[in-house]
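Okay, so chain A shows up in both of these, paired with chain B first and chain C after.
After this line comes the complex of A and B, so read on.
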């Protein structure tokens, strides 16, 4: 009788172990890790009519990154301490390469809904940094972007350059603390397109005034530098008049 | 029809059941406590004979208890038998006939044999009906083998009597009553089982229990982290802990609700542990969500000793135990000092010490008192967490700590001093009154940094990036007590009986707590998060009945209700940030209260003496953290509902198998939030699974225990989204993080006598334990790898000298003691990530400890 009990017990133990092993394989994964490429898609032609001036850009080197995509509607540092997806690199891209989609970086993160973005233009002020610090590969170096071009109105024309610094306002905050970005990422089969029109960033520039200043100074090229009124006008253009668009393009499974 | 030592027979033609008195006495589980000055060693049983249910009584088929007083002469024979409690003439006679055949090692006083008088209970139950002519009696309490714990029916006491040289010395058979079983998951871990494998701490003893895994992610000065049957109970939020009847959980603790530091327990003084997985006993109070754990302290071998241990990482430990002969096992004193450099790169050094003393004395009027005092203090440096990606990239070593000053400043210091006294009185009719009171003072100060540099000051919002070194302090003065009355067993109708118990418990706490952020290396405070005083009172009452409905069916259960009162002085309530206009005075004082009540019941069926079927249901609760309550709020207790069904197959003391399926529903769960270093609410959770527990002692020299616990733990609904957390990490139906779905544990111990060496007996002992944790789910679809650990021990003893070698993590597995997923910034990459990343605290590598013990 004892032998029978032992046999029964051993069988039950084996069943327990087997069942446990089988069921243990089932662990739900409500969110999945994703990784996909982000590319830059410059918009426009590099030329635009702004305040009666025909403006043509000949150079637009832009440092972009890092990017943090957030689930909250606001991507500020207090509301987006945790990102859904992110690009933790800074890329120097040609804003006039309309025919190619330059790789901005690899997006890493989780599946889920994105409602906002926070990002920098190569100059960051992380919580552990005492002051805004440019990435090594920024144009200049040390600036967020280098823009060159010329403006023409009637018979008048002048060339201009701009070294633009898009600097975070507070320590621990991104230069662009919150921007609209809507997407629902369900897998890694996506491509993020970052679209912008660099000529749109110049919408706030007063080219008439710039031409007058240039005539008064006798210079041939108008240089826009940080701290000037023109620099502030470009910042307004970047942040308010022509912000970037973020479009998630689903890809078919390979 | 009498049987001697029938331990290897499953079914035997007995009609009387002596409830384990043989094992208790032979195993030394019940030790006599003599008059201290007389130094009397109680008699121990050599041969016992079961009583035979008299044929003359078969007609009435009655259940009855007979209590005899035996006088054991100096030759170890029973010279006189008196009936103290009669069960009727026939049954009395049967008991006397059996008892007169018992033989003993006589009691001793000052090393010389003396006559003694002991009290022995017999329980008679009628035989089961045909087909067997005289089938075995269903065992009322077919418990797992216990060691050092005496079934309640054995814990009888005889009145003390003056000891004269010419008169028998009357000694008391004492021992902690073994509470009635509450189902298959009411596990009793015996000393033998616990001793099979090495255990570094008192908390680590729990690893032997089914479904329990113990981790020490925060060093020696912060409470262990416990996983129990699908619950990540953190530092005790879901498990009610008691040590010698004194509650260990600290309510509203700053580091985690129900914080219970078991470092006070000296493992060598643990006699047995009762682990109830589920909420089925009305005695279970606050924090008994996953279950409850009671440590029974006692020193079985009545010899004082000194033990010195040396080993890996410059670990040194000295232990002294005072355990005088002639005293009860509960009477002992123990003190320990320990220091270690800890593993890794020097960031885990610790110094600790503790002392525990108990004294059991007999008072007039058949009252027994147990005095308890315990203290523990420790300070330890902490290595903290490491990001997996940093380890994988070689930026930091697995066992190291970040070189950052904030990471290197992590430490903890704690102390706890507790005293308690419990009184017990048994009345002549078998009823029992118990009362006890206790008091403790516990301090806690910890500096931990889980997230690196992500925090922003609330006081001065422009202050940021100064290091997330969270300083927590918690000073708790707790006082409480309990009283209970357990009636005699009433036998109103044939084959039925009833016993009830009424009890009440109270405890009140005065807590001062604070939480700040510190900047290193200046040790400057750069943010204040908590500054509060909490007064909390818990008044609980319960009723419990034990009904033998028929010979085969037994019902146990009752109800419990607790009133909790909270008084919070939140000095940072209505906080005014630096940039805001001051419109009021900061502070928010509030009171709240609530009542938690629920039933608990267990139904047992005993179709055969070797088989017990059980089904249990119970409702328990966990009190809320006081600071989370609003003014006048009905305290939102976390309500737990436990269901269980299972069976126990038992072949006497040789083998036992328990299998059970269970479900536990919790109204809201808590999970560790590394940004606050505290527990935060998630949502309702459900756990379903099954457990198997196999204990066997196939030979006197072999002791084994094996358990496998599977749990499917899920979150029933996600937490409420908030503006700053619109998509919480936890979503409906996901596996609960940090909980291993499958936990398998085996403990095997061999102990044998090797013969006589130079005139003294040589004994050796080896043992090992294996622990397997399946992959643990983490938040954000991540999971930690499975863990397999082996611990081993070996010792040899001759007379007063014992040498032992313990090896923890024998295979030197590199594993994560705990693993988390959250956002951190340890400045190991130029651009910080804001994605939740995996973080680990390293489990200890292979640790070798050599000990020498000198018995005095």
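After this line comes the complex of A and C, so read on.
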């Protein structure tokens, strides 16, 4: 009888231990509120050889934000209804300020893993808005970016300007609905670096065709505006050929 | 039952948690017993069930797409029909996050989806599976390899064709609008794994009923190359096919892979209405062409239980 009782207690104890383990397993480390700075870090020199043309940028005013960082592998609004971290503001930055790290905004949210991002270029289309709406501080105003520069090939050269609108495709989505962004934020002692090369955004442009169009029209400056083939090419550069990188830099505790 | 169907010899279960016997102590320690009951899944019962994997084609593969104004139709007036649609698919796998137990079968099949059986291809049957929720389900659509197998009524010559070319997907068909018909015969080595599958109502994986059978249906979609974006999650999109005619550079009524690679997206798929986010430079030519767009769409055709999504997609060799 005593032995049976001991056996019962031992069995019960084993299962209680297992239950205790499961309780511990079910309780995740608590997430903590975090807040840290995000800065933009333009890459390159502002010059590049693109499709046989030497291209130099003289101006790249870019509206960036808001940004949403998600725990899910996709930042799509249907898969990431709630962000882990976010920058809710829009900043107007100089994409050619290579020696500076301009403040993009303050990131607010929770500690945890980030696997994707979704963001806008100053023009958002929230579920509560009837149409895409630019932030007040966008270049133009009303555009996502203003780019100016010149292209040279052999003895040929021409200047160009671009007013670029990066617009969400559908209401409730971001202009860049999902992007790779991997980080594990454990505290507020981080700095988020948003890196991009603005000359990379021009990789899809057909400079030969632009030069031919200028020669045919007699104009001296090629103006790229929304709705044109060249505007679509810049959007492809921004989204597909030279998308922004997100790097979380841990900082030492002060 | 077809002899290719997996019973046992390819069936693997790795349950890392042993069952726990509970002593009858309810009267002596009711509170502790209640605690044990609360964690009954850990000291789980003996319920077992069966999992059957059916690979099914979406209606767009077997019946095509029609022009129209409703969401599922091609909005710009094109009629799409497939005459041949082959895929490599397999490595079906499921995991329980709570115990890390897995079931799976690494076999990859070559299947003719245009001529699929009415209820689809039964590729696997897993028996004696714990009757719980298996919250992680995934599968592969890799580039075809010599070890891959056919399932009737897929013809052996189709299996050989896919393996010789290393395609993950191949299809032939046509688009027709008014007096214009564009034919196409395209194969792609767009090997992709699809993971974290969830049913259309958002439930992750599947639940095995005790003493019953759950039917799992990886579903291959046939309309993604006509989307206006690369969808993730809910398919919020419009179907358009005018690019078929735009890219037919020699205007001979047959659109080739070479023409796709030369077709500029800024002309054929302009930013409005298209959003090319997630389209990659698949052929490494430094530009985004319609070929890159179609390949990227081919990496998204694997779905789950109809319109359920498998949002974690990774390239496979």
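To be clear about the criterion, the second predicted complex is superposed on the first by the 225 of 254 C-alpha atoms of A that agree within 3 Å, B and C clash if a C-alpha of one lies under 4 Å from a C-alpha of the other, contacts with A are read in each partner's own complex, and residues count from 1 in each chain.
Quick note on the criterion: a contact is a pair of C-beta atoms (placed from the backbone, for glycine too) under 8 Å apart; a residue touches a chain by one contact, two chains touch by 3 or more.
This is a predicted model, so every value here is computed, not measured.
With both structures placed on the common chain, the touch criterion links A:61 to neither chain B nor chain C.
In the superposed pair of complexes, A:33 makes contact with chain B only, with no contact to chain C. In the superposition on chain A, contact of A:73 is made with both chain B and chain C. Of the two partner chains placed by the overlay, neither chain B nor chain C lies in contact with A:197. When the two complexes are overlaid on their common chain A, residue A:128 makes contact with chain B while staying clear of chain C. Here chain B and chain C are compared by how many residues of chain A each touches, and B touches more. When both complexes are overlaid on chain A, the residue A:83 reaches chain B alone and has no touch with chain C. In the superposed model, A:170 lies in contact with both chain B and chain C. In the overlay built on the shared chain, the residue A:240 is in contact with chain C alone; chain B does not reach it. Overlaid on A, the two complexes show chain B and chain C touching the same residues of chain A, namely 8, 12, 16, 19, 23, 72-74, 77-79, 170.
Residues of chain A that touch chain C in their complex: 7-8, 11-12, 14-16, 18-19, 22-23, 72-74, 76-79, 167, 169-170, 173, 176-179, 203-204, 206, 227, 229-233, 235-236, 239-241. For chain C in complex with chain A, the touching residues are 20-25, 28-29, 32, 35-36, 38-39, 42-43, 196, 228-229, 231-234, 236, 264-267, 270-273, 275-281, 286-288, 292, 309, 311-312.
Residues 1-2, 5-6, 8-9, 12-13, 16-17, 19-21, 23-24, 26-33, 65-66, 68, 71-74, 77-86, 88-90, 108-110, 112-113, 115, 124, 126-129, 135, 170-172 of chain A are the ones touching chain B in the complex. Contacts from chain B toward chain A in the complex involve residues 8-11, 453-454, 456, 462, 464-465, 610, 649, 651, 655, 657, 659, 675, 690, 692, 694, 706, 708-710, 712, 714, 723-727, 731-735, 741-742, 744, 774-775, 777, 780-783, 823, 825, 827, 829-836.
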